[in-house]
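Each of the next two complexes has subunit A plus one other chain: subunit B in the first, subunit C in the second.
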Partner chain A sequence: MAELNTEHDSHALGMHTEQLAGRTQKVFFSPSADDNYVYHDSIEVDFNKSAEIDAGPMEIKDVNAKIRSLMKEGYGTITVKNPSAKHSLGVGILNRLNLNFEGSLGYFGCGLCDGPNIRISGRVGWSCAENMMAGTIVIEKNAGSTFGAAMRGGDLVCKGDVGSRTGIDQKGGTIIVGGNAGAFNGFMMQRGRIIILGNAGKNLGDSMYDGTIYVGGKIEDLGVDAVEGEITDVEEKWLENKLALYGMKAPNGVKNLTKIVAGKQLWNYDNLEPSEKKLVL
Partner chain B sequence: MCGIAGLIHRGKSADIGSQMTSMLQALKHRGPDSTGYALYGDKGNDDYVMRFKVAEQEDLASGFDIHDTIKERKATVDARLKEMKVSIKGEEQVTEYAHRYTISFDGDLKRVIDFVEDVDGVEILSIGHALELIKDLGDASVVAGQYNLNGFKGTHAIGHTRMATESDVDIRSAHPYWAYPFNDVSVVHNGQLTNYWTNRRGLERRGHRFMSDCDSELIAVYIAHRIDQGDDLESAMKRSVDELDGVFTYLVATADSLGMAKDVMAAKPMVLYESDDLIALASEEVAIRSIFPNEIDTFDPYEGEVRVWQS
Partner chain C sequence: MSDKDIDHFINTDGLDSEREKTIGQHIGYRYDVNLVPDYERITPFLKKYMETMGWDDLNWLEDVHMGYEENRAAVFDRNINGWVTVPEEMKLPDNQQDRDMIARELLIKFQMSPNHPMVELNKAYAKF
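Our next item is the complex of A and B:
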């Protein structure tokens, strides 16, 4: 098991300045410690060895089983044609893999993934990349609601618009939205970053414990305990580099993004257990 | 859970029966209990199409007398229509308990409807110049086969696959709901209304009637009431987003338009495809894909959003 550190490399870079307290976890998953970690049944694949699957006539479970069997044969680059908005495609891949979907996915696509680099040429439905742990997922068109729900790590990129509740309960990683986002984004997020280059709907960052949201366009309104913060020089650099990775740019430069963080005035930041609370109330 | 779907062709007719069947069959997993259609055919003349049922499907298993009872109910309906001076210009028995009449009448249609529905076990599913509302137990392929819906030509349609949650598995609780007593207005809904009883009591005090305990019927009656109060369709729907509480996405169709509304929490899904010729909406994109084999651009409408399109 990879080591869990109380200090992360990003602290040294000034990326974390927040003082965590109360019930918020004080440990960070270290990518450097994770370098040597592999799942016990992970597969050696060759990225130069490629295969195609025509998902059009296939059942969902058969498509997912075919991806696994190709990985076991050593294929490191797999292209799925005609996904036809089917649900739950590309889920639970705990391996390095280049996976391309030529078309759109339905609901719960690419959830529970840890490691693959996935590219989707179309759109994704609700709950794409739920509980994603590592790797990258890039969607060329729009995404539905609860995009990256409870995501723990990796980069999740939608170049179009997304629905509501993006990054709800997010615990790590980075979500990038090229267009506009609906309401309740970053609701109860605990760590990680959301970058919305367009407009953000109402209740942005409602009850967020930690983490950071950056918005390029207008914010309809902020949720409970979400407040504006100042972008540091390190963050500017990080934002520029991160967006450049995916050929994206902030509309008016990263300096003009609005940064939203947790105000930490809610009950869960007072360091008191419920039993202790009764003593002082 | 339930699945809803809608489509509207701009400026032309198409085989909306087959298209809606494909869409609803793709949504079967969201609701296998019953399937319903509100199909809007081409308006020919001033005649009305009346769809009604004289029993529930489950009644057929209730004893030997039910078959005679069904015949008696139908005869009573015919007699009452005659008494109200309604001219029956065509009639079709679709199932043992479901009928389609073409009628002409130029008086107070609400009085006719109330008089007919006063017959025990009889429910008018729809009356309209363009609307034909069909709903029954089973998935889309079963209902479409039973009612010969494939090949139905028209401009727009809405449909529903129902997973019964708060009311029975029967035709009266199936969607769509006709917005009694307004011609050509129908509703399908996915979600739950939490102020159902408050609104229902208010509408009942104003003289509206409810045929079921299904919260979705409230939307149809609510929209009908607002239109009666002078709102246009879009205004009525915008008002509903504020006044109806709960999580919902619903579609409304009239003789020449199709509208969608989403609650302020955006808790129920809706995927939308829009082009110059056609608008298609559904709870899941897989339903839209069933009539578009090629790659298309779709998106989710946002919270509190109301949209209306004309045919």
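Our next item is the complex of A and C:
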């Protein structure tokens, strides 16, 4: 067997010699930090400079590489034609960018993004915007299951219906669904907001730790530890503004949305009574 | 929103329940993670940031709040998975909404700085 080279740049940076003390890293802000608005190593793009890609005859990897190379040339608005429901398109973009897909995407579209504004004129398959960090993604038609799974931040909007497990393990950000949503939406969500303007399926918010779900239509049933909450004035204003950004409205006004939050009975599992544990299991 | 004193976690050890006292550690969040921003309190710096990114609102920063660690105001930076402590000399406003706006501003300044740990990590591990 060939000998592996274990030397890496990270050794020179001292990353393998640090002592792990089992507590959070202690870092302090420098008050003298400059006013920067983008990441240190981000690519400089101009929103007014636009380009087009015909993805029809291209391989997935080549489409994503082409988006990157156009960004390096300074293009800030890129339109991808004929995406033909290919999987994993528009992933891992950690930059400001306007990206338009004219057509539908397959599985895992636009995942791991941090910053871009993406518009998709068609539908999306499973796990669109998985692990999204920041930016906006707007889908004009329907979306598959696990929409916005493990999302950390940003706005993810589907103007049509979505499948089940939307916002599963969500850790931040806002998911807006214009139509109906399937079962187990907000399953184990820890933070963030889900707004469903239509009906929500079975086990809504099951085992959610924190975060908020708003529903405009009927709720088939609530999951374990999901309870109704009360909408505050600040929330009302926030909901109006957020929906207006995407040209959407609550069917009976934001005041009449049903708010679902965590009952927080599962936070300290050890404290549960045996009967409650049985119920959970 | 919590009805606790806004400086509760600065003035006390935050060990409120029996279980927290037993383990000597606070359980759960030290602030209301569900508090949505009041846009009337937005700062000029944050407006400029939104404009640069092409967003009409605070976007991912809506989930950033001022928290507290070891009796100090701090902001959680998801990119380093750790709390970043707010300078001690900084005077904190008397309400959480204004504190959250300060937290958002400080976090952006920190994350976009060339001294952020992610810059070094990128050098070592980035694939493209």
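In this section, the second predicted complex is superposed on the first by the 226 of 281 C-alpha atoms of A that agree within 3 Å, B and C clash if a C-alpha of one lies under 4 Å from a C-alpha of the other, contacts with A are read in each partner's own complex, and residues count from 1 in each chain.
In this text, contacts are C-beta pairs under 8 Å (C-beta built on N, C-alpha and C of every residue); 3 or more make two chains touch, one makes a residue touch a chain.
All of these numbers come straight from a predicted model, not from anything done at the bench.
Colleague: Identify the partner contact of A:144: answer first if only subunit B is touched, second if only subunit C is, both if each is, neither if none is.
Modeller: Touch status of A:144: first partner only.
Colleague: Give one of first, second, both or neither to describe whether A:172 is in contact with subunit B, with subunit C, with both, or with none.
Modeller: In the superposed model, A:172 contacts subunit C only, not subunit B.
Colleague: Taking the superposition on A as described, I'd like to know which of subunit B and subunit C A:225 touches: first, second, both or neither.
Modeller: Neither: A:225 stays clear of subunit B and subunit C.
Colleague: Just subunit B (first), just subunit C (second), both, or neither: which does A:130 touch?
Modeller: After superposition on chain A, A:130 lies in contact with neither partner.
Colleague: In this superposition, which partner touches a larger number of subunit A residues, subunit B or subunit C?
Modeller: C
Colleague: Thinking of the overlay built on chain A, is A:206 touched by subunit B (first), by subunit C (second), by both, or by neither?
Modeller: Neither: A:206 stays clear of subunit B and subunit C.
Colleague: Output check: A:163 vs subunit B and subunit C. Expected answer is one of first, second, both, neither. What do you get?
Modeller: A:163: touches subunit B, not subunit C.
Colleague: Answer with first, second, both or neither: which of subunit B and subunit C does A:40 touch in the superposed model?
Modeller: Second partner only, subunit C.
Colleague: Check subunit A for residues that touch subunit B in one structure and subunit C in the other, and list them.
Modeller: none
Colleague: In their shared complex, at which residues does subunit A touch subunit C?
Modeller: 8-10, 13, 15, 24-31, 33-41, 47, 68, 96, 98, 115, 117, 133-136, 152-155, 172-174, 191-193, 210-212, 232, 234-235, 237-238, 241-242, 245, 261, 267-268, 271
Colleague: Which residues of subunit A touch subunit B in their complex?
Modeller: 84-87, 103-104, 106-107, 121-123, 125-126, 141-142, 144-145, 160-161, 163-165, 182-184, 201-202
Colleague: Using the touch rule from the top, collect the residues of subunit B that touch subunit A in their complex.
Modeller: Of all residues in subunit B, those touching subunit A are 264-266, 269, 271, 284-286, 288-289, 295, 297-300, 302-303.
Colleague: Enumerate the contact residues on subunit C facing subunit A in the complex.
Modeller: 1, 19, 27-29, 33-39, 45, 48-49, 52-57, 59-63, 69, 77-78, 80-87, 90, 97, 106, 108-120, 122-125, 128
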